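Let me begin by handing over the structure; questions about it come next.
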Amino acid sequence: MELEKYELGGTYYKEKDLKDGKLLSLDWKPKLQYAWDDGVAIGRYLAELKKGNIIARKCNKCGRIMIPPRMFCELCWRPTDEWVDCKDTGRISTYSICYVNWDASRIKKGEKPHLPAVIEIDGASPGMGIMHILGEVDPEDVKIGMKVKAVWKKPAEREGSITDILYFKPARR
Amino acid sequence: MLEKVAIAGLGFTEFNSVSPGSSYRELTYEAAVKAYEEVGIEPKDVDSFVCTSEDFLEGYSISDEYCNDQLGAVLKSGQTIPGDFIHSLSVGVMHILTGLFDIVVVQALSKASNMKTIPEMVNFAFDPVLTRPLDITSYFTAGLEMNRYLAEERATREQCAAVVVKNKANALINPVAAYGADVTIEQVVDSEPIAEPVRLLDIAPYADGAVVLVLCSEKTAGSLTEKPVWIKGVGWSTDAPSLESRDWTEGIATRLAGDMAYKMAGITCPAKDIDVAEVNDEISFKELQHLEALRLFDEGDAGKATEDGKTALGGMLPVNPSGGGLGMGHLFECSGAAKVVELVQQLRGEAGPRQVPDACIGLAQAWRGIPSTSAAVAVLSAD
Amino acid sequence: MAYQKVAIVGAGITKFVRRAQETGKELAFQASKMALDSCGMTLKDVDCVSLGTAPDAFDGVHMKGEYLSDGSGGWRKPYMRQFVGGGTGVFAPIHGWLHVASGMFDTCLVVCSEKMSSCYPHPQGAFITIFDHTTEQALNPTLIWIFALEMNRFMSAYGISKEDIAQVSVKNKKNAMDHPSAQLPMDITVEDVMNSETLAWPVNRLDISPASDGAAAIVLASEHTAKRITDKPVWIDGVGWNLDTAYWATRDLAYPRYVEKAARMAYDMAGITEPKREIEIAEPYDPFDYKELHHMEGLLLADRGKAVEMTVDGVTQRDGDRPICPSGGALGVGNPIAATGLMKVIEIFLQLRGEAGPRQVPGTPHCGLAQAWGDLMQVGTVVVLRS
Amino acid sequence: MGMTERINRNVDLSYWEGDIPVNYVYTYGLGLEAFFRKLKDQGRFLASRCESCGVVYLPARIFCERCLAEIEGTFQVPGTGTVYAFTVVHKNMDESSKKEPVIVALIDMDETDSRMVHYLTGVKPEDVKVGMPVKAVLKKKKERRGHIEDIVGFKPV
């Protein structure tokens, strides 16, 4: 068989064809809502963020201090042993300079690009990072390996969320 | 003749109406620890993992991402089935039958209590153009099907209610069941109408829980357990998904899945050979319809048999001794898992007050629930 | 060997388009019907059906596997959906292989369908729900973030330039000009890629494959059945899959160790000890241009950090020593996630049969592989095929 | 070994809320496009027959789910049928109770092998019988937009 010898399915249409009524279409906004149980590890993680702390969980067998915390060590297959207070500083493991929003729309004119990064948190094991965003820094000044520090919301505004940290900014030496 | 596959290890949590103390990860971890410890293995001993997960039930896209850590399945062969646990169990069987996998772990989880808009979600499963815009709350398909079942005089309204009475009573003596109760036929028949003839007590209420099983090949079974339960046959099938062209009376997918499993298990007379059955009872009458589809009773006989106590504990063919969905709760993709859990306990002789004497061959059946037309069946044996 | 040998005996595919008028069911039907026709079979000859399709959030139907069952030929058959995120398309033949290799079935229709265009305002939006709902989604991440983060890590770990990576996009979009399903066939230059809109540095618009609608299907058969159906069966000689931790930010993104594990599993099964020599042609997953390189390294087809040199030197061109993505890949043919993986399998199937038409690589190869990747930088799926 | 720590004060329990934040625009596909165009423009019901196995589908389709044959061509059917099953629905989508229950029926459509789900109108729940003949009630032409609700419901003949 050769693909070239077949009439292939798949009929392209332009988005405009829907607006013009050339094709029938139906809009739907689903209501799929959840309240996910935080459980032990993430519940405590969020509660500590509200207090302005970043915590991790340690496995005494492999010695890894894991963030986000978990009640089990997925590598040693045993319960983790203790809570560990991390610092609110870390090191950029990788980053991006992003001009699009979550839904692929473009950021507004004049809006600064988003700076998502993986940040290895001080006090957790090397390589243990979380995804967050960078602030108070020009995109061209961001470097892999750069030391950063969390900028927190005011205590009264915190709600037990990863966004209680507004962003990470370059740490002053 | 295909090689035999064993269920060696069994781990499960309680099935509760809510489970706020544990995240979905922690709930699965609890079941996995129990299953692995029972057979003395660690994840490194496992050759492959089969998880059960359906995106919108978990509230994730690509929900298989979040299945493996809590099983210790990091950098292992893991796959996910958006189906019932018994579908996943069947995949686990296929893994072992290839001869390339010796120990396989199968998992399912329900966090039904975390879903705030279940009727909206079920409506989201209907055809987006033909059915969904009618905006009819989800139990209407069950109402239609039960109406037809009654109209064809396959059972009486009271016989359907008798299923509820039996299953909730069985759940009272099942320590992990959430919805045990001592109800009467009148209470069921007079309960709040939802989509008549379906009433509130006809419906299996939602529940949370997790199940992990350890499967292995025949040659390995002896080293893992003294009480292997053998998977003799598995089967699965799907009817047309469209309301317009699907079957509305026979439970045809269950019939075909059952026939496939019976053939694999070498069972020619199911009504005689099966000692105990755990079948889907998400809506009261479905238990009767499924028993008939599985050839455990002739068409139109299951209702009478239930009324006469033949499917009760101590009856000729105990059905849903666990309490079923009506007594344990509707666990979505974990529903079939709860049924397999009960059978494994029955066939090991560990079912306590629910023990069916001399239970040797058991059948578990799952239907994927409204509005699905998919079913899966497993035939298990003590020897 | 306990398992039955399994062959691919037929294939079907639709065009890949940004928006298809057909429903997902209809696309699945078009591909399935073509696959059956291609080997002179009818639905009656099919023992079981395996469906692969990526998240329900694309098509916008809960329990999408149920919804797509009729178009996929699942009516009253043993029909099951499998799902490993972006790895689904190459897991599809593996899942089908399980059905037949286990001895439970003789023939299996494997179908992958995706209708991403239903999702508004853009299919990309659906991907926010792949991130951890509690610890990540609150940051409003886009899918491109993780690719950009991984690409940056990959570039900095090995000192690779964006210009060199862009050559992958140039090659694949050009290859796609010969693929009848192709959505984005283009004759472009590295400058065009570099000058295209920066979406999330280091990712530019032309570094990315498009969102697509489309379907693909193949027919599998056991050894004795395959020989009755065709005199050119293509054998599934190795399968491998592997899943890494979901805590993706806690591991080094520079190297896809899960792809290596999946590849080693497939190579062991196929008896391949020197993949660089023995794998003559490959279709690694290329949703972003750097991913092709990343995956070539994970597949052990290139040393770490060296895949880019093979690309720059032209080794991976269709007429090079080691053709990579001769189909045009996801970058050129389009990326209806699950269907893309199966499209890659079909390309290898056709290449090994010498039936790839204008895309045929010189010297008709005998051994090739297809690979897909998915989830949170997490999953690798690999099949090794031989004629 | 299981987890060594659990939540043991209910005030420490917490959950995180979220949703699936995307919208959808569905095309009708090749089969339903033809059906709903005809319904909208002419108030007619369009069916299609599989030439290889004889099954008649309503609404019209482009493929046969039973044999995967391609179906070409369509024809009109009357839009009448009989009640195959019905249910009296008391709940809204948000699980609240309806002020007045509604009747939803599965209609065996004449001259086809298909059934349609829709509302029954102009009849009380106690008067509905399985087997009862019914016919479709359509919105006026200018109000029709190619939508399942162009059919108001089915009423007894």
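For reference, chains read A, B, C and D in written order, and residue numbers begin at 1 within each chain.
Just so we're on the same page, contacts are C-beta pairs under 8 Å (C-beta built on N, C-alpha and C of every residue); 3 or more make two chains touch, one makes a residue touch a chain.
Predicted model only: the values in this text are computed from it and were never measured.
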For subunit A and subunit D, chains touching each: B, C
Result of counting contacting C-beta pairs for B-D and A-B, higher pair: B-D
Centre distance in Å when subunit A and subunit B are each reduced to the mean of their C-alpha atoms: 36
Geometric centre distance via CA averages, subunit C-subunit A, whole Å: 26
Distance from subunit C to subunit B - Cα centre to Cα centre, in angstrom: 33
Residue numbers of subunit D (touch at least two other chains): 1-3, 6-7, 13, 15-18, 20, 22-30, 32-33, 36, 65, 147
Set of subunit A residues in contact with two or more other chains: 11, 13, 23, 26, 28, 30-40, 42-43, 46, 71-72, 74, 103
Junction residues of subunit C, two or more chains touched: 19-22, 26, 29, 57, 60, 70, 75, 121, 125-126, 128-129, 132-134, 245, 247
Arrangement of touching chains [line / ring / star / complete / other]: complete
Residue numbers on subunit C that touch subunit B, as the complex places them: 1-3, 54-57, 60-70, 74-86, 91, 95, 98-99, 101-104, 126-127, 129-130, 132-133, 240-247, 257-258, 261-262, 265, 269, 374-376, 378-379
Complex interface listing, subunit C residues touching subunit D: 19-23, 25-26, 29, 32-33, 36, 42-44, 57, 60, 70-71, 73, 75, 118-121, 125-126, 128-129, 133-134, 137
Sites on subunit D touched by subunit C in the complex: 16, 18, 20-33, 62-63, 65-68, 70
Residues of subunit A touching subunit B in the complex: 26, 28, 30-43, 70-72, 74-75, 77
Footprint of subunit B on subunit D - complex, ascending: 1-3, 6-7, 13, 15, 17-18, 20, 24, 26, 28-29, 32, 36, 55, 57-59, 65, 84-95, 101-102, 104-106, 113-119, 125, 130, 147-149
